[in-house]
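Shared between the two complexes below is chain A, which has chain B as its partner in the first and chain C in the second.
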Partner chain A sequence: MTMDQDRRHFIRSAAMSAATAIASGSGPFSLPIVHATESSPISWKKAPCRFCGTGCHVQVGVENGRVVAIAGDQDAEVNKGLLCVKGYHVGSVLYGKDRLTRPLLRRGDRYEAISWDQALDVIASRIEAAPERFALYGSGQWTIPEGYAAQKFMKGGLSNNHIDPNARLCMASAVTGFLATYGVDEPAGCFDDLDHCDVLILWGNNPAEMHPVLFSRVVDRRSRGASVEMIDISTRRTRSTEQCQHYLEMKPNGDVAIANGIAHLLLKNGTYDRAFVESHCNFKAPNPDKPNLHGKSIRFDEYRQLLEPYTPEYVEKLSGVPAEQIRMLGDRFGNRDLKITSLWCMGMNQHTMGTAINTMVHGLHLLSGHFGRPGDAPTSLTGQPSACGTVREVGTLAHALPGGRLVAKPEHRQQTEAFWNLPEGRVNPKPGYHTVKMWEQFCTPADQGGDIDTIWVQVTNPGQTLPNLHKLFNAKQGLKEKFLIVSDVYPTATTQLADLILPSAMWVEKNGVFGNSERRTQQWFKMVEPPGEARDDLWQTLAVAHRLFDRGFAGMRDKEGRFLFEVVDDSGTPVPAWQWEHYYDVNVDKHLFEEYRPFTRLKHKDLAPYDEYVRTRGMRWPVVEQSDGTWAETRFRFVEGYDPYVEEGSEIQFYHSTTQDHRAQLWFHPYEPPAEVPDVAYPLMMTTGRVLEHWHSGSMTRRIPQLSQAMPSAYVEMNPDDARERGIHSGDQVVIRSRRGELKLVAWVNGRGRPPRGTVFVPFFDETLLINELTLDALDPFSKQPDYKKSAVEVTKIVTVHDKKE
Partner chain B sequence: MQLSSHHDDPVQKGAKPPPSAPGDFTQRQTVLIAIGLIGVATTGYFLGLTSPMMAGDERPSDAAEAVQTEEHPPASSTVIPATAYAEMPFVQTRSRRLRATRLNMLRQTPYDVNVKIDVNEAEKLASLADRETRRAFDGAPPTVPHPIDQLDSTACMACHGEGLRSGTFRASKMPHPYYSSCTQCHVEQNAKFAPASATFENSFTGVAAPTSGGRASQGATPTLPYTDWMRKAIQNRDPATDWVPPVFPHTTWMRNDCLSCHGRTAAPGMESTHPWQANCLRCHGKSPQLNPTELPDVPKFLSSPAILDSDE
Partner chain C sequence: MISGLVATLNTDVELAQSALQAIGLHPALESGPQKGCRLPLVLETRTPAESHDLTNWLGELLGVEHVDVVYVDLGDDSGSFEKLVSHLNK
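And then the complex of A and B:
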């Protein structure tokens, strides 16, 4: 089949096939509607969706240089031809009227339109003045080549490790959970587990709204007659709850107690998988003297002893979930005949015990042996399209190097310097600032120790998504020595404080490669031109690097004095890709992807050549070349018969074990209460999150009319009893206050979600109603990920009738 | 508004100062007073509206809450406009069509496949235009023009499972297989739980729906009325009619059930003229263009017989 489904010729033939009145399914390869005219000019090409980490493939219909239609890609294994409402409308994301189209330099309260050339000079001068006080803040929306270039620019070019992504705010605890358990990041299973599981457990997760296509993969199985039991463990009722047979309403941090309760029951009832544990697991507990991801080794009987207090009744006290339901969970995990998949995302990651609860849910699957069969999987989901591919694999984190390497490890630095052909010692051994620290240093005056002066933000919106915004972002205002550079596609809460705004190309306006939540690497080609002077983020990085190179900045040269990002054409001649007019003379994405590929072998996350991804709708690593020259993906890692790196006869092999014995680590962590709990002054617990219609900070989806009209504004979702106590009704203007800020919102009682007594929910998508001015910036001690889900607040009705909104 | 009598509230009347100054001044003052009066009256109106209906801590029932949520909360006040009791049943389902519906029209008329249906091109185009208002592009999942149950799909299926038609009121039948999470793709428009906090313009222009399917040959234009002619053509297999049915102008992906749009609950002008013919695909081809398969675009044939050169 051809990727470029260019349908210019309408064949006027009528296949008189006999079938039923219901037109039978049109086979797996049909494409959508086009004009039924003689010469339809619409061409269809594949691309992964721009939004979440599910990684649905869409078919993009382009007519006269504009995207005019979107269809679910029936060739895509992830979504099988379906999309969610955001995906169906992703084409409109390019056409918001207020796209940024020119580089803008701040002059007081206003901006001056400048040329790209001037903009590059401004950035180069800021970096030259103090390279060690410069930081780069990116995201899980960077394409793999973009993230790789940023990584090489910072760590290879500037010897500066102050590069961190917004993914720190969304899945850092998932990473530390995987590392602490398996010694290597990312899920062992894949989305195929959803097609096989008998029991699906949602751990603080609302996939009906956040990962709708994956959720439907399960609930649609059920409507076709399969029996799937769904269990929702959550702090509020959601659309996902409505599809579940069991709803276990827990108190914040109750998940830790529940996981311990299940483990307790497995041991007490003798229903744990003894053979699995004996051959594949070690036991660990946190080491208070040396808190790290290795913890301290404990014996099985110590593990049992530590779990002793977590009886169902005690767990009920801690979590609020009835003991009977804890026993039900214990029975499910204790039944080896069932196939159990656990799903989680922000609920377990944005958690001061994020690393702990991640390891514990992995641990439950290991302890009960619900691991390694299709359908038996602990599956961590991601919220961004390339949080896995770019952040976790390319390693665009303050402590990491590409391919699972660490800046602190001498051999990893040497390997990286060798791949990049850099002189020894170029890569700085000291980890840079993680996200929260980076912004804290940026918002602290230089004379008070704030040693980050310039931050360049690419493809994300920290002015909206950082926690405790007044402290970590808004405080920048008025600090003369600080300079904020923002590459973006629309004006955002971040560009509000920017000193230099760079207009970026987005999605199908550029080439790209994403990596989704199931280890699937996906490629697409540029299809339309970006508006005005908007340009690729990757080009921006290259152009700044070359500007520094031109100015004689030593770091932008490799050992032989060549430019760090030299790109050659087929004949081996260097191409001046840093010049925009020559940028698309070659496929820079392909060049960087091929340069990056050798990095991926160390942790057995092998990627196939770029062209293989052009041909397919993505492949799940490790992708290993077969004897016949084809490339085969891996569905289930660590499992013999699926994973080519598992030795014959070992069935399950954790070949990156932190204890070097091919075993996974099974952790115990004691329950701890949340960092902030409601009290007299702030009696309600506020949780934040997304809604179906809006993605991330809403800067894209709010510009799509169909989505914006469905979800026009942020709101505070309240329990009817809490509302009644405060005299609040749906539609009332209320003010919500925490220790860090306050916000006026509209109350929604019995709305989309149903929080229990004492809980309120506010979505974070609305840039005019920034709930993160209220959220707590308490971190997980290992992952440094903030806990957005638990802030104590109070809600009061605004008495004034005519409340003018600003 | 039913509650406009608040404007005549004697307390507010008492607030009106007596006009005294002469000339232009009086005129300006009168305007000012009028503005002031309106202001006071409006405030009084809203306060009045809040107090008797909303005062006290008694929370209204869930049903009332839902009604209030979904019926026009004003942009910047705590006041929800009152709904007349008579209107209560319609608050959640009011739509343009329903407003134009009289109760006596809602009587179910038995569906008769033999009723003659005349194709009306103008009606069809109007229906297509109406259809476009609920889609970003042809192929986009239609948005929902009425309030929805936020949590549950059961309500969707009540009307759209089989589709219904009553008077001018019409709920289309789901054209694709059952998927249990309706709101995954179909979202409510003009959600009313909160006023929009910001609006952004967008210049996306979606591809329009096709207006008709292509035919391999037009042949003779039917002389009989359309329906009669169809019946004759199909029943008599009359080759003299020399007429070819149109192919599908759209994909059948997610539009597997032809009768959803062309059957009993079809929009005006979209109905099949021959609904008794249950086997659509017998005559109407699926366009290989719109439903491409992995099969090659150009059909392949066995090689032709090798013919010896006459010289040999």
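And then the complex of A and C:
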């Protein structure tokens, strides 16, 4: 056989093994399994999937310097070999036709290819001219070392805290919810809870499309005979609803009323877990005089009194969910024989009461004692592959430092300066601009107070994903003093306004470490070369830092005058990693990861040495060294027997309690209506979101033919009655208008989801149809996360299917 | 382009049988051992578009309930930098 035939034969048999394995339902999850055999012409290596926060592991098949095949990784605990449709196509993201391969500088209305050396000079000059007017905007798609370097560059190098990630738009309210409840961020449980729960409650969550592999873990349990009751609390029917026994259709913000209604019933019926509450909880309510995450302490009887009005009938009025169904939820939470897992993601986070509802769902689990047993867990999910690892743990937020430190706290700044060997006072005490504020300042002319002149965007696409795009992004156009730098792999809605475009390496074209939604840190190695002159984002940060160092910029030196990012080889000799030809002489990822590790111990989020992650398919922190020298992960935090930091005899110990008494805070928040509600001019409520085939803004998945053909463009999903009233049929072209903008779309009556009367849904993945030109930029007051789920709109028909045919 | 697919067949035996016949006659498809109502398949086409069309065709057969794509091999499909710059300059 020739090499080509040999390879073809191998690929065909791999495809058949995968199909046969899934058809026979072999293995614990009915999974497709492809074995990487010694004799195959393809070399297989492990990597986490590039897309969502589930963090499935894939086996990447490489031949002749190209990724040629993808298989689910059967050794990975997260997905046990299973992948979703996006995961199976993840290799194709590298090979879209229009990869960016050279730095491009805008000259007038044209782009000109320039050298990397010129590009570094352009950036260094912009920063030198006004370091305090420079901002860096990243995302949960940064790897941990990339985010750590970006953070150190800004806060340790430029003494500038204007760094924020796109994750502010998707999970900031989950962070504030965890902090306000436990004093420390991120879920106590993990994905194992899905294997043990008797009841799964989806709070405004559609995992069948957004986290399909996780959802299939539960569906698969059921198909093998386990009894799992699934309850969907949502504003529209989705693919997840189809699998649920109960569908509770709520009005926008109805979740807040529902949570209060359940708590009301637990107290009224005496079914709350008294022993748990007395031993492990305090009570809190918002403090109107001083709104912050500490609120004001209240007594149990005050808590009870505040909940008094939230009878099932009153909750029905507020939420639209029948009183009977509120009672059903009250009964489930009141039954300690059941194990209940709550799941949520954007529905609860992109919410003007995001922090509130996050604390309240944690509160329900605490009040009812559904906490701390496998299967009993409040668990938030993330949309980006390293929203947890990079954003929440490394702390690439405008107010944070690595390891849960805060820029506003003098002792935290000192600690950080000591780790980084910086002179005292280098870290600026003033929090930087959060995402919405950063872009607002950038889009405001300098003479009108817009004090951000340059933004460098890495690994994200704000030109599509910010809310109210006309105000927060498009307004940049024509502002001569503003300069937008975009590092990306493809042209996007963001590069359209870029003044300098930098071509980036992606996924297995570089080394990386991600942290998924269950505290699992996952490592991979570079497997193929990036195209043309595309280079790692981490290298780009180091190279700019070194250009500033060369120019004598004081911030790029440590106390001894050494370069902030000095990397040494095994013999201790510095390596010029800022020069691309030497960047891979050492493992810069490993160097930065080891530098970062001491921070992780400050909040008991201990990471193991880098090499442990090379060996494994990820480990869930805290990862603690055992007496025999091995490293053990933690499945359930705050629980004796699982969490090494819980003192013996405590059973449950919230050791980062904000009240410093090892107790969690159980919050009451009153119901409030959404920031914008339908009226005569804009009578419909629009919610936005994602679809199974596309990930985030679609800049990668729309370049994968199978996925883009399966879901080619955005649409507006309508209720049949609303459509009929407006003379609209599926396929008609309509215009959708809000107070902020308008957009032409194709109508889909009902569609994949089924919006109730008075609501419409539009996905945001399509860069040719930017629905965020219409969305509201109202924020949660604590997390500063916008509410993309509730904008008032009107829909009008412009072209019928019939007219189009003519 | 090579993909691994699993077709879930209709429980109506006659419908399933007619689908199996159509699949058996198609030169781009190779069937594996049927397991209950699930049929493993390998699909080989020249382009992703063909692959997509054939997957759709399969899904539309009366005797097929749905089709899962469980494995994909990536063809060589690289683009050029010149094309990109001209696209951006448009």
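As a working rule, the second predicted complex is superposed on the first by the 758 of 806 C-alpha atoms of A that agree within 3 Å, B and C clash if a C-alpha of one lies under 4 Å from a C-alpha of the other, contacts with A are read in each partner's own complex, and residues count from 1 in each chain.
The definition used in the following text is that a residue touches a chain if its C-beta (ideal position, glycine included) is under 8 Å from a C-beta of that chain, and two chains touch if they have at least 3 such contacts.
Since the model is a prediction, treat every value here as computed from it, not as a measurement.
> So, A:317: does it touch chain B (first), chain C (second), both, or neither?
After superposing on A, A:317 lies clear of both chain B and chain C.
> First (chain B), second (chain C), both or neither: which does A:532 touch?
It touches chain C, and chain B stays clear.
> Could you tell me if A:101 is touching chain B, chain C, both of them or neither one (first, second, both, neither)?
Touch status of A:101: second partner only.
> One more residue to check, A:562. First (chain B), second (chain C), both or neither?
A:562 sits against neither chain B nor chain C.
> For A:113 in the superposed arrangement: first (chain B), second (chain C), both or neither?
Once the two structures are laid over each other on A, A:113 reaches chain C alone.
> What's your read, chain B or chain C touching more residues of chain A?
Comparing chain B with chain C, the partner touching more chain A residues is B.
> Could you tell me if A:739 is touching chain B, chain C, both of them or neither one (first, second, both, neither)?
Neither chain B nor chain C is touched by A:739.
> Check the residue A:615 against both partner chains and state whether it touches chain B (first), chain C (second), both, or neither.
neither
> Regarding the shared-chain residue A:68, is it in contact with chain B (first), chain C (second), both, or neither?
Touch status of A:68: both partners.
> Under the contact rule defined above, give the chain A residues that sit at the interface with chain B and also at the interface with chain C.
Touching chain B in the first complex and chain C in the second, residues 11-12, 14-20, 22-25, 32, 34, 66-71, 85, 88-89, 91-92, 95-98, 705-706, 709-710 of chain A appear in both lists.
> What part of chain A is in contact with chain B in the complex they form?
My answer: residues 1, 5, 7, 9-37, 42, 61, 63, 66-72, 74, 81-85, 88-89, 91-92, 94-98, 208, 212-213, 215-216, 219-220, 222-223, 237-239, 241-243, 692-693, 702-715, 720, 723-725, 727, 729-733, 746, 748-752, 754, 766-769, 797-798, 801-805.
> Quick check: in the complex, which residue numbers of chain C touch chain A?
So the residues of chain C touching chain A come out as 2-6, 30, 32-35, 38-44, 48-49, 51-52, 55, 68-74, 76-81, 83-85, 87-89.
> Please give the residue numbers of chain A that touch chain C in the complex, ascending.
For chain A paired with chain C, touching residues are 8, 11-12, 14-20, 22-25, 32, 34, 66-71, 85, 88-89, 91-92, 95-102, 104, 110-111, 113, 491, 495, 531-532, 705-706, 709-710.
> Can you list the residues on chain B that touch chain A in the complex?
43, 46-47, 50, 54, 57-60, 62, 65-66, 68-69, 73, 76-80, 136-141, 143, 150-152, 178-181, 183-191, 193-210, 212-216, 244-245, 247-259, 278-294
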